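Just passing along the structure, written as structure tokens.
Going by the order they are written in, the chains are A, B, C and D; count residues from 1 in each one.
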Amino acid sequence: MDAIFLQILNGLDKGSAYALIALGLTLIFGTLGVVNFAHGALFMLGAFCAVTLNGILSLSFTTIDDSRTDFLGNPLRVETPYVESWFGPEIGAAIIQWSVPLSILFAIPVMVLVGLIMERGLIKHFYRRPHADQILVTFGLAIVLQEIIKYFFGANPIPTPAPPSFAGSFDFGVWLGFSPGSIIYPYWRMVYFAFAIGIIGAVFAFLRYTTFGMVVRAGMADRETVGFLGINIDRRFTIMFAIAAVVAGLAGVMYAPINSPNYHMGMDFLVLSFVVVVVGGMGSLAGAVLAGFLLGILESFASMAQVVALFPGINQIVIYLVAIIVLLTRPRGLMGRKGVMED
Amino acid sequence: MEILKVEGVNKSFGGLKALNEVNLSVEQGNVHAIIGPNGAGKSTLLNCFVGRLTPDTGTVTFMGKNLIGIKPHEINQAGVSRVFQTPEIFGDLSILDNVVIPALASSDGSFTFNAWRGVRKRAEIQEKAESILEDIGLAEKKDVLAASLSRGDKRRLELAMCLVQDPKLVLLDEPTAGMSRADTNNTIDLLKRIGERGITKIVIEHDMHVVFSLANKVSVLAQGTVIVEGKPEDIKGDPRVQEAYLGGAHI
Amino acid sequence: MLGLNKKDTTLLIIVVIMTMFAPFILNPFPETSQLAQFNAGYPDLMQRFVIFGIFAIGFNILFGLTGYLSFGHAAFLGVGSYAGVWMMKLLTMNVIPAILMSMIVAGLFSILVGYISLRRSGIYFSILTLAFAQMSFSLAYSVLTPITNGETGLQLALDDPRILGVSQVAGSIPPASLFGLAMRDSYEMTLGGWAFTFNVGYYLCAVVMIVAFYIAIRIFRSPFGLMLKAVKSNQQRLNYTGVNSKPYTFAAFVISGMYAGLAGGLMVAMDPLAGAERMQWTASGEVVLMTILGGAGTLFGPVLGAGFIKYFENIFSKINDTILHQWFAALPDGIEDTLVFLIHPFIGKGWHLTLGIVFMLVVIFLPGGIMEGIRRIVDLFKRRSPKDEVSGGAVPSAKAAE
Amino acid sequence: MSGFRGTISRRNLLKTTAASGIVLATPTIFTSKAWSQGAFLNDPAKSGKLILGFNVPQTGPYADEGADELRAYRLAVEHLNGEGDGGMLGTFSSKALQGTGILGNKVGYVTGDTQTKSDAARASAKSMIEKDGAIMITGGSSSGVAVAVQALCQEAGVIFMAGLTHSNDTTGKDRRANGFRHFFNSYMSGAALAPVLNNAYGSDRKAYHLTADYNWGYTTEEAITSATEAMGWETVETVKTPLAATDFSAYITPVLQSDADVLVLNHYGGNMVNSLTNAVQFGLRDRVVNGKNFEIIVPLYSRLMAKGAGANVKGIFGSTNWHWSLEDEGSKAFVKSFGTKYGFPPSQAAHTCYVQTLLYADAVERAGSFNPCAVVEALEDFEFDGLGNGKTLYRGADHQCFKDVLVVRGKENPSSEFDLLEIVEVTPVDQVTYDPDHPQFAGGALGTCNPGA
């Protein structure tokens, strides 16, 4: 029982990342009709916003400490971050430790900018092109983005810890009446889940309650008609693309402490996110979110030793297996609409 | 002889009853027009003939063969060809190929794995396709991409695609919709010429001018039911028809 | 000739000449020159060119003709490879049974995958094929290790049973051969500063590719091919035209699966190892990129695309700073270092970056792929000639639409 | 048929030179090896150039490790050619190498990208052999690639000096006559770790294994379980994790429900970074089970990867082939020349690659020939010292080096970003030596060396 409870938590957590990326993918697909293979790269860029801010805050000046030596026997060069010398060691260290939450503020303008440049500079020209072309050009862009990151940050994962206040884990065991220590969950993962829910809620509220959102939703349903109404839908779609980029970016920022960012993390998520979007139903925002959490939970359950013992290898293929079953029984995914992406 | 028989066909979408106990009988060689105001269920009825929709109840029999529940390609293979309301052609293929495809379909059946001998080597198919293009006046454009044709030419091409199959029954869904008067008259002439081949036709049409130039039998559909049936000249003066049209005018 | 029209015959002859003289064409630079780095005329790469060419030709029969974008075609290549290696382990080192078995097994697997995946179209079809391929990859890498040898890849061993052959010859595994002709045998010819290698394996692959290409032309020009094009153009209309499009797409799927299996079989015939990465989605993506880059739906484009990508992978990744310094050694030091610094990110470990940029440039500026580039160049020359009344006959040229 | 097969089983590569004009292919191209007595593939004496092939991952998750390997290779080439400070040439027990290249030939090299895929690695190695005329291939950062390239080199007839490869199979069931491994292996990790763990954590422990679901994972899991069980530990559960996994929470949480008090992470690279980070996030380090502190073990440590896990490695035991903080003369000389050239200390991958290059060069020098079969003979049962791991034996029976193994622990207070591991114990070579046909290595055969001509 407690095992199941834990796997649900795991699934919700994993699902949060899937749902956030899939949400952005669906927004872009639903509004612009563009299949964006670079969306995983946006997630990765977000995570590297956190890495970068951490790096900026850790910028240091060097003093030479003659009493100690480095690996070659030369006097040790001691690096002291500027923030520590400006604000004193304690506050300075705290600022560096809180770099991930601070990165949210840093990432929003960066991702908006990236989104705008991408949409205006490239994606815009591909609205009327076949999906195959869109896939190829965004795939090319994804490679370019990730190679640029690799050039500057290397291929190895870069540890980006959460603030120490979130370092521990919460004991659900005591709280729910199970044995202590049987159900514990890291604080940061709970923060991630809450954050994901918040972002998803914000996007839905934005689409539902603002005029802007209503126009966009109408545009998703029927682009031509909205165009006839004389509304400049293109400009709104550009903004929508930027929003999708920000959602992916923030998902990446907050994900950085969970698994150290590396340059290919976007590709790792990309294919799964596409499966999530399709299982949810192309063009359906709620479907994307639902499928994200659903597949996250199923994946967690499938990795339980008892399940793997019954079906060897099921943990490797469960998402794809579910995708096949869903698509064969529900032709347009869980919540898809007719006629989207079927030609 | 009766070629198509429709008996007791009902079809509802949600709560809306689109077809209500439709009965229809089409005689061989006739040009049978189905007219009626917007929303009367004309296209729904047509879709029931070609397998796009399945009626809730009722039967559609074509030359003794039940058409309900069988696939579109089987219906076509049985001898029923259809011209769509908006031109449905193979836009990125040449005009010639657009005609060759249906010609192949009627000569080779719904599936033949003939992946070796070139299409162009099939002399009988080529000749047939080119002669029909000759008939409709698109012969000199045969290597042009079909998508580049004007709307009127596309319709004519689609008609050619039907005729090349030597169908027993042609369904025409508003063959002149959106055409200029001149184009409409051309099309009427064309259809008349084809009429000489003795192919049975069902025409769905708004344009009374077209109906009365072509049809020798008319069924009037209103609110999903056939309200009147008869020769064109009989229909013209029928008060029920006028009421149906006027009654439907506000729709 | 051979049942083809003049234009197709010309194309076939060009392909024959290109493949037969590839050892010369791909080695344009003398061995000792700095540009020898760009020579691609060594057996392994030439083999890869034609093998991936076959893969792309087959993929194009599905994607280029019907428009069904499969994201899992590498699975057929991988399955074919495994079947091929098993034939070599169990039966004989003769490559013919291995290649045949690769095609058969890949064909059977594509029947299974195609039967299920083709129940859907559009991106749903793509995701279904992707799911099958990723499942194959994951399982081959892990739980199927007894059959696939997992991470390491299935390879020959000194104690293979090999019913119609010997397990080992004097402590070595016997080479893959065609009735005694070893695949890895080569003849090297030196002409002045040039060295050309003629490899048995390459010529086997080349002959197979020419046959595969010829079959593809026949399929393109056949009624079957026309129906496939019609599926891409307007599948609904095709159904109302009395054609059952399902068996057509299914047949195309299986044919292209068998082409992939053929490519997989040739790969193991050239190099008897089958790795699971062959089936990963990136490998499936690669053949999609090859086809689109070359020009989907054109006969020769996919072959060019395959050559292009493999050239990048094998040639650009091998250029390193030392080589750059050699190239620019003649220049003053400052300029030399600047040039090396500027080029450095794009070569060696940066070859992915260059490839990504090339993808983008080609898609942005040449929507029809490399073939469109060639067509534009040809048009440029033709415009100078006074009369210009060549419309492909069978294939309506894009010009006709203008 | 079979008689004929014997005659063509060698690669027949003839060179016909024509000063001018066209020379037609003669029908003698498939002659028997009688013609090529003593000849071998890519003989530098014939081509006039000596090319070594450095085949390392330049793209993909191991690209940084590959880059470090390349640095080491460049350094080795410098030293062989008599440039730089000579590095370990000065401390190497064999004095055959004089810094004048190899057998008087200046050492040249080509580089390639394995992409950490066996297919791509083989393609790259083949191009080095076929196009660039490489006489020896070396490098790699994973066992799958090493085994695949080793088999290729055997078939083609060049020497393969493995880079970083830790699976038992490389010199076990997939050993080849033309292939050599200096790096240690799973068995040695287990044998070295077990006594240390016994001392630190006691003999009454319950271990839970998470194992990467591919070949290297299997051999490591087998080695560690059998070594720890031999000293009294109980293996509670072994769970395979998918290679593609990025988040291991679903595999970590069941540990909480088990009564295990030790978690063994048979992971490498990105898998290791993520699983270790996740395990620490879930508070496993703070747990007390069965009255004992919960412990985590990472059998194969890599400093480059440890860096990715950040502070999470502190206090965690593992094993490594070599570490820059070793105090012997060879290690110091290597760290000095590497550190001076590149500004940071070398990784264990860099070390093994550097050493392999030197060992190859030395073997050629001692054999007096580049002929692979002569090199094999020179390397087999070769004993040497001064290359950083103490006295070492290149065992002839399986082409595996036997030397001391380092047991290390994540440092509590690192003084720099390189100073992440501290050496806990140098396990003497006797303790990690095994029989060539030990069950974990059974099922392979070296075969005979192939000179490729």
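In this section, contacts are C-beta pairs under 8 Å (C-beta built on N, C-alpha and C of every residue); 3 or more make two chains touch, one makes a residue touch a chain.
Quantities reported herein were computed from a predicted structural model and do not represent experimental measurements.
Every chain gets a centre from its CA atoms, and the centre nearest the mean of all protein CA atoms is that of C.
The geometric centre of subunit A is 36 Å away from that of subunit D, both derived from CA atoms. Work out the mean CA point of subunit B and of subunit C, and you get 46 Å between them. Computed centre separation for the pair subunit C/subunit D is 33 angstrom, with centres defined by C-alpha atoms. Between subunit B and subunit D the centroid-to-centroid distance comes to 74 Å (mean Cα coordinates, whole Å).
Those residues of subunit A in touch with two or more other chains are numbered 316. Along subunit C, residues 138, 142-143, 352 each make contact with two or more other chains. Applying the touch definition to all chain combinations yields A-C, A-D, B-C, C-D. Taken together, the subunit A residues at the contact with subunit C in this complex read 35, 122, 125, 129, 131-133, 135-137, 139-144, 147-148, 151, 271, 274-275, 278, 282, 312-313, 316-317, 320-321, 323-324, 327-328, 331-333, 341-343.
Put simply, subunit C touches subunit A in their complex at residues 63, 69, 116, 119-124, 127-128, 130-132, 134-135, 138-139, 142-144, 235, 281, 285, 288-289, 292-293, 296, 345, 350, 352-353, 355-360, 363-364, 367.
Across the complex, subunit D is touched by residues 2-3, 6-7, 9-11, 13-14, 17, 68, 70-72, 76, 150, 154-159, 161, 168-169, 181-186, 188-189, 258-260, 262, 264-265, 268-269, 299-300, 303-305, 308, 315-316 of subunit A. Taken in their complex, subunit D has these residues touching subunit A: 60-65, 67, 213, 237, 239-242, 244, 246-247, 249-251, 253-254, 256-257, 270, 273-274, 277-278, 281-283, 286-287, 304-305, 307-312, 324-325, 335-336, 339-340, 345, 415-416, 418-419. Interface of subunit B with subunit C (complex): residues 50, 71-73, 76-77, 81-82, 84, 88-94, 97, 100-102, 104-106, 108, 110-122, 143-145, 147-148, 161, 165.
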